[in-house]
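Okay, so chain A shows up in both of these, paired with chain B first and chain C after.
For the complex of A and B:
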């Protein structure tokens, strides 16, 4: 089972310095945040799909298609009830939906999907080690960066163990598909306990393996992954920063919002 | 030649443990020599390994007495990170010791800790990946490698630090036969290079080439000597819970001269002394009449949605009432996938699985569990309760039985696995062999007619393997149908009546056990090999599957 999102390709994006990618993805997060008009957010989302294609990350978009679709659908359906706009479309008692709130909902859905898409492009093109190295070079202390990357690394391992545990309990007759919320909650004990114990055991072994290979968190060390900011990195950052500033300026000038107060 | 590792009267008790794990261990490993350590579970083998690189007493705290020196450095005075320059330690669990996202970064990790410059790392990564035969996998994700490749990577990542001493704690235990061969051949190259090697292994085959074999028992050294001295002392091996080489055992039981450690040696001795004459092997053509079919697999294909390696292609299998069946094959050959179809954990992509003639898909989960029980390889994937009683009763409670019946069934299941009296024990504190039994009991309590066990003997020592298999034999005699998935050829040979050999998602061979082991060519095709006793039996033309039967048959000739 492969839960990693990294795709071992050699695109322009893969070759960017992880520092560029970290700052870049933060700037990309800023773009959909600047707008709440679905046309503007939609344009950002389309741009991200194009970026994804260039970074050969579309297989991951496809893997996450249900998540992306659900985000857009749920937001579009639920947000309109909470945001109030001036042009009523439909109302039923205290519930009312306006044209603006409907558009706002769609924009919010696209905004969430854009966040996920930007994150996917980042994770598809950056290995765990590059990410860690980038964080360290951005002045994060090594022990913190190492703990962070190890935690990321353990997610798929534990997910794999979790899948086996579910199978083991289901073949003993554990029925996960029936019962109310409380009964279902209790059924997670046979899953949670073995997983917890597995996690403790596994991390203990991992700590042994790390120490046996000469690791000590505060000691001097060298790096196999060497980072270097190239011309392309500066170009990428300049373009993204310009886009970000332009987006903020547009919004401040009154464009790109169906509900300007939100 | 200098001394690489020296243990001087070493004793160690883990903090909170009632008994010492090591008591008064002394011994010397010469530089450039190859030492194999054997012994039962809990004999202190791993603790001894940890004592070479300061994991004991620095990582594991406890009462430490005596001295360990590695190339003159006193281990207890050093930090683990510093000892790692001298001693490379490869752990048994290859899943836990790999944590990087690519093969080359995995090897780089130790080198980074040594503060080597990048160019030097580059060279060492190249050199040691080539050494273990993974040079063309530099950018692969370690999780996507096979078991043997993972363990070879773990070895490379330790070797790259160029330690003077390499210690391996059961490096082949969790591997399939091909993976085992891969790791052993790496170990063999190291031995020829005269590296100092300290290896824990439970298989006597791995010890034959050693300079010294150390036998451990209850925290003490029971014997130290050449393989020929140690491995031919059957009583001592037995006492230490180590499986004796079957050729030695056969020669002793027959009263033949010589104690051969290998099949070739045995054949040479038999010919030289005219001890027995080879005959062509004749087997009864009539297959044992199996009872009515319980589970039938009909022309099943299985494709994993995530395009994983393991899959099934056109598999058909009939499991009759009262059979004892072994499914063998390499990892990725489809044996676990097949077994998971037998109780509906997986559904066929094409084809059908029938239980008593009814399609499995139409039967409820809780009902299937009452007909077909499935014991997973690792008991720790299912144990969750505070007491053994609760653990075993779990499935019964799920099925909604009344307390009286549950009580009876739990007692019955615990009796079957030999754990009567353990009802109130905390399952987590039991030994691995006992936890395995609890897992079996929890499946047995539902009184399934068929019990499937995935690798029931992996990770157990010889004694526990025997008692596990004897227990399954008892269940089989009581009328249960038993299906095991196993890498252990001698287990299949001694206990199964019928053997299914899987390869590449297909059934390569399905035959009565003795007939299957006579087909050495077919087994080789699936990268399997008959156990030593049966290879000798194939040459001699004996029909027996166990040592006792073979002795009887040879004496009757």
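For the complex of A and C:
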């Protein structure tokens, strides 16, 4: 099973500097946040699908299709009971749904799906190494970035070890398919103990290997990969910043909200 | 709180951050789609048996490891978004509070970092900290997601609190199984790995611990059940109290 979302393509998005992509995705998160009218958030969501197509990230959208659909459905059902609007549609005891709260619910579902879509575009076009390098160049302290990148590399190893442990325990008779949530939770212990010991044993070996090579968390470092912001990076950031400012300006001018106070 | 910052000078602690993050993320990814509670936001988190165990064994490395692990879980699970910011903070607290309050929540705590399994103190303190750290995590994350307009505070604070408390309580079985190995064979208990000078002392440990208890419990119960109309304000105030209390530990 491939747990990575990165898609090895050669699009304009893939070639952008990781710093541009990190700042860019934060600006993209801001767009659906500016509105709570489903027409406006829907337009942002469609724009993100178009961006996804341009970045050749649609295979990951398809991979996450059930999640994206569930996000919209769940929010659309849940929110109308918590947000209050002036035009009642239906009520039963303390429960009340208004036209505005229903639209608000749909907008929140689209907002959540838009966040996931923006994140998917980022993850589809950025390798883990680029992501880490970008964070370091954005002044994340090196020891933190080192721990982050080491964890990213260890996840597939531990996931593989976990799968082997599951097979071993199932072959010894552990039944993972039956029981309620609590019983299943307890059955996780025979899997967690060997995984934990296997993983933690790595710690001393890895620390010795690093120290024997002169690793020092606080030392000044130089980099093999040299990141450089190009003209395309500045264009991308300028376009996204303009869109973000325009979205905020629209909202402040009274557009894009079915419930203005939310 | 000092140890949370000074631990980055220690290579073993940095590796422990990575290992904790990787185990937590691997378990989160494995069970991400198993039983979703709020799609894209949270699920039945079997992986949450780990943070409290990590915390009592690896201290500050567990706090960072749990936070980074949750972020990686979001990255691999495809749910990276603005919610991940306070997911990071909430999970940091889930890994930070148990070890920091283990010695400071007096009179329940006796001030000893080493765990003595015999007697009444261990089960009581463990259960209280499982609940308080879960509620603190729930309040902080639910407040932020309500600010973003993603999920109502009342719903999410309850789901996270109950979910994490149950998982942390199940995690005691893991702790019982691995404590001796980590202490005697691997010698990786955090206060033995770190230089004593780097560990430091709490600013006002007992005050901080009780502030966290009040913020977490009141924030959850008042916001989710008693004053639901003011849930967001209660969530914000409770989050501030929890963060101030945490800083004092």
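Convention: the second predicted complex is superposed on the first by the 241 of 262 C-alpha atoms of A that agree within 3 Å, B and C clash if a C-alpha of one lies under 4 Å from a C-alpha of the other, contacts with A are read in each partner's own complex, and residues count from 1 in each chain.
Please note the rule applied: a contact is a pair of C-beta atoms (placed from the backbone, for glycine too) under 8 Å apart; a residue touches a chain by one contact, two chains touch by 3 or more.
Quick caveat, the model's predicted, so the values are computed rather than measured.
By the document's definition of touching, neither partner reaches A:227: not chain B, not chain C. Of the two partner chains, chain B and chain C are each touched by A:150.
Of the two partner chains, neither chain B nor chain C is touched by A:51.
Note on chain A: of its two partners chain C and chain B, the one contacting more of its residues is C. By the touch criterion stated above, A:5 is placed in contact with chain C alone, chain B being left untouched.
In the overlay built on the shared chain, the residue A:182 is in contact with chain C alone; chain B does not reach it.
Contacts of A:140 after superposition on the shared chain: neither chain B nor chain C is touched. In the superposition on chain A, A:215 makes contact with both chain B and chain C.
Looking at the shared chain after the overlay, A:206 reaches both chain B and chain C. Touch criterion met: A:158 reaches chain C, while chain B stays clear of it.
Overlaid on A, the two complexes show chain B and chain C touching the same residues of chain A, namely 4, 150, 157, 189, 192-193, 197, 201-202, 206-207, 210-211, 215. Taken together, the chain B residues at the contact with chain A in this complex read 53, 55, 59, 79-82, 84-85, 88-89, 91, 93, 95-97, 99-102, 104-105, 108-118, 121, 139, 141, 143-144, 157-158, 161, 306, 308, 340, 343, 345, 365-366, 369-370, 373-374, 376, 378, 380-385, 394-395, 398-399, 428, 442-443, 446. Those residues of chain C that touch chain A in the complex are listed here as 8-12, 14-19, 21-23, 25-27, 29-30, 33, 35-36, 38-41, 44, 46, 49-50, 53, 64-65, 68-69, 72, 74-76, 78-83, 148-152, 154-155, 166-167, 170, 173-174, 177-178, 181-182, 186, 188. Of all the residues in chain A, the ones that touch chain B in their complex are 1-2, 4, 6, 8, 127-129, 150, 153, 156-157, 161, 164-165, 167-175, 189-194, 197-198, 201-202, 205-216, 219-226. The residues of chain A lying in touch with chain C in their complex are 3-5, 29, 33, 36, 60, 63-64, 67, 70-71, 74-75, 78-79, 82, 108, 111-113, 115-116, 118-120, 122-123, 141, 143-144, 146-148, 150-152, 154-155, 157-159, 162, 181-182, 184-186, 188-189, 192-193, 195-197, 199-204, 206-207, 210-211, 215, 217-218, 262.
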